[in-house]
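First chain A sits with chain B, and in the next complex the same chain sits with chain C.
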Partner chain A sequence: MNQVAHLAQRSITRTLRQPILFVPSLIFPLFLLAVNASGLDAATSLPGFPTDSYLTFAIGLTFMQGALFAMMGAGQSIAGDIQHGFFSRLQLTPLRGSSLIAGQLAGVTLQGLIQAVTYAAIALAFGAHLEAGPLGILVLFVLSAFVGLAFGSIGLAVGLRTGNGEAVQGVFPLMFVFLFLSSAALPRDLIQADWFQTAATINPVSYLIEGFRSLFVTGWDGEALALAFGVAAAVFVLGMAAASAALRTRMERT
Partner chain B sequence: MSTNTTRFLRGAWSIAWRQLHTMITKPALFLPSLIFPLFFFAAFAGGLSAVDRAPGFDYPNYTTFQYVFVLMQSAVFGGVFTGFAVAADFEFGFARRMMLATRNHWTLIAGYATTALVRALMVWAVVTVVALATGAEILGSFGDMAELLVIAILLNFAAVLFACGLAMRFRTLQAAPLIQLPAFLLIMTAPVYVPRDLIQGWVATVADGNPMTAVLEAGRNLIIGAPAETLLALGVVVGLITVMFVWSRGGLRSAEAAG
Partner chain C sequence: MEGLNGKLGNNGIEVEGLVREFKKGPRAVDGIDLVVHPGEIYGFLGPNGAGKSTTVHMLTTLLPPTAGTARVAGHDIVKEGPAVRDAIGVALQEAALDQFLTAREHMRLQAGMHGIPKAEAMRRGDELIERVGLSDAADRKVGGYSGGMRRRLDLALALVHEPRVLFLDEPTTGLDVQSRTALWDEVERLAKDEGVTVFLTTQYLEEADALADRVGIIDTGRIVAEGTPDDLKAEIGRPIVEAAPLDPGELDRMAATLARFGTPERADRGHTAVRLDEGTGELAEVVRALDTEGIAVRELEIHAPTLDDVFLAKTGRRLEGAEAEQPTGEQEVVPA
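Take a look at the complex of A and B:
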């Protein structure tokens, strides 16, 4: 626990000391939210659209974008540690691999929370409606931190596998595809193109976005929340397994 | 043709050829500029097609509506991606050597502009095939389509002048986000998803003054054969080229001064 605490402290301090790492993760998703809320407001008049505010509808995408930025942050941090030799020095200590991963993810969790608070505060200030009420905010923050953690573990796996910041950056466009081929812009039942509806239904990111969205639009939707937490848990397990495997390989190699 | 003109053209072509050769031998450098427009087209035309049922949406075909956006977006990003190549050439010394080898340094910009145009034409060809295969309709005449192409080519030229101006000032790949961001802002604050009168809030105000609005609106009308304000769109892109010409000249001088 002591090892985890030290690495967690380093990870958190590094996140806070390098605003360049997380400020874009606040600005870009909010900018896209602002553009989409204005540009796609006409979509709220479609029959069956669940809310009369596109801002309220679109905020789910913002939280998911934040998770992707957290993923990039985690991957970049560990890749930086490898490139600059910190990782090699750690290997000379009796540090356990699991402690390294857990410690690294602390900064990601914090980043997820900072993002969640910022997104929610700004969206609510500009007129978004949180149907789930004050308790919903708590669930929103927990879900945001958990999704950030889950995608952070994927970033960690990529960073450990490649040991290269540019390679981590290269994953971003791929994740962007998952983000946009989802139910981010319209509810799934309103998507007209069959192939897109199928892609959005298969895409796990749709369920994460719908989980965030449900708190704003529907209130307490047990199914949407269970799916969101379930998908996040699955991504987390996969990410941790991949990160552990990549860590083992790297430790053997170093 | 005078010797100076021949030298200029030869120098520009050698730069363009080098870039195009790199594009062919290293597809990883070209693929993003092809995949991104296709991806945006798929995401917008596929995912948002229901938007055409919104009250007040009077454009006949949402796929065509988004096709024109993607066409103009790839015109701009053809210039932006070429700007990355300019920055890399300065960072790794090639552009500096070219500046020593050429008397007229506009040769460099002409070479990069040729690359940007070829890159954009390749992307447009692929995007057009995909758009037509997925339901986009061209109802305008041959003349309308020629006007649309001229607007897109001029926009591509304005974008490459902008990107060259920035890349030559910073002369490092680290300036890539600086090149990308203004282009992204310009594009996303135009009428991307719906016609201008259906946009609400601050984007509606920004879109009114955004030069891309005139370009997109003219393009969207030309492709369906509707009356289009082509002269306004041409005026806007020529105006952009004029401003960006001055901007890129400043960049070129900055690079010359840096040696």
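Take a look at the complex of A and C:
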């Protein structure tokens, strides 16, 4: 536990000392939110659209984008450690692999949380409505941190596997495909093209976005939240398994 | 070779037939044998790509050997990796520091990884930071440190858990003379005062000569010579004395006088030279003989063999600039 605490402290310290990291992860999702909210507001007049505020509807995508930035942060951080030799320094200590992964993810979780607080504060200030009320805020932050952690573990796996920050960046556009083939822009039942509706239905990212969205639009939707936490848990398990396997390969020490 | 039987106790290094091959690559280390005695400073000298860093990576457990065995601090590097890591301190070629952390934070992190209790970690950290002269910069982020400061912090970090064996991989590369001398002093102090065994790789002849009790010269993965710097140089040849008389007309008489002490050698115009039969110990007698003959001396130089001469004799190439001659395929490949 001591090792985890030390590595977590390092990870958090690094995160807080690089405010520049937050610039793209705050500006880009909020800019896209502003564009969507103003440009696609007419979509709220579609029959069956769940809210009369596209800002309230679109905020789910913003939280999901934040998780992808957290993923990038985790991957690039470990890849940087490998490239610059810090990983070797750690390997020369009695470091346990599990401690390294847990410690690294601490900073990612904090990043996800800071982003979530900022997104929520700005969206609410500009008129978004949180149907789930004050307790919903708490659940929103917990879900944000968990989704950030889950995708952070994927980033960690890619970073450990490749040891290259540019390779981690290469995953980002791929993840954006999942974002755009989801229910980010419209509720699934309002998507007209069959192939798109099918893609959005089998795309796990849809359920994460819908989980965030449910707190704003519906209030307390147990099914949507369970699906969101469930998908996040599945991504987390997959990410951790991949990260552990990559770490075993990377830690060639005897 | 004393064999890998743990005779060297808990702070020696014993290596036998160590080999490392890389996939689709060369034999970076090709069957080396060596022994480093407790408290000794062993200089591992060779050009870039010779196999120095690959050897260090194997001995520090970062890289499994393809063949051969080694014991460090009494532990097998393959079977007892954790015990080896516990006993060694390592400063790798690049001082791998986190530019966003301060020196004090680095010390706490390193101590924490070794399971040193917080109070002890703080005390030890402060002591080491002071010893390497970084007290004034201890709370500054290392991103703003000079190369010398980074190296000194790297050394301090390697010492935080009081290792019995210290590996320094080209510790002074890129440092100015002042920083290099300060680091040498600290390494010497560690070996002499604290009995730490030091395995030091370097491509600087001067460093190996000044610091190492014994030197192993490695080239293309093989140790081509080993011994004390003086023994290695003596093996290559005796020193040459070259002199010039104040009066050029005395050149022949000076040559005849010097010839009493050894074999004549080629010399610059207006000079005469002789390779001393009995080594540098004869130098005083040479000067006395010239004085007795009444020959006034304008110049007198002694050319002692260098480790570069040793390298030249063993490999046919000079060590200085040898890295430029290394074929691409023989560059060292070590994990990041």
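Assume the second predicted complex is superposed on the first by the 252 of 254 C-alpha atoms of A that agree within 3 Å, B and C clash if a C-alpha of one lies under 4 Å from a C-alpha of the other, contacts with A are read in each partner's own complex, and residues count from 1 in each chain.
Throughout what follows, a residue touches a chain if its C-beta (ideal position, glycine included) is under 8 Å from a C-beta of that chain, and two chains touch if they have at least 3 such contacts.
Small disclaimer: the values here were computed from a predicted structure and weren't measured.
Within the superposed three-chain model, A:Val177 lies in touch with chain B and out of touch with chain C [touch as defined at top]. After overlaying the two complexes on the shared chain, residue contacts for A:Thr198 are found with neither chain B nor chain C. Once the two complexes are overlaid on the shared chain, A:Thr249 sits clear of chain B and of chain C alike. Once the two complexes are overlaid on chain A, none of the chain A residues touched by chain B in the first is touched by chain C in the second. By the touch criterion stated above, chain C contacts chain A in their complex at residues 60-64, 77-79, 81-82, 84-86, 88, 90, 92, 94, 96-98, 100-101, 105, 108-110, 112-115, 141, 157, 335-336. Note for the complex: chain A touches chain C at residues 2-3, 5-7, 9-10, 13-14, 17-18, 82-95, 163, 252-254. Taken in their complex, chain B has these residues touching chain A: 32, 35-36, 39, 42-43, 45-51, 53-57, 188-189, 191-194, 198-204. Residues of chain A touching chain B in their complex: 31-32, 34-43, 45-47, 173, 176-177, 180-181, 184-186, 190-193, 195-196, 200.
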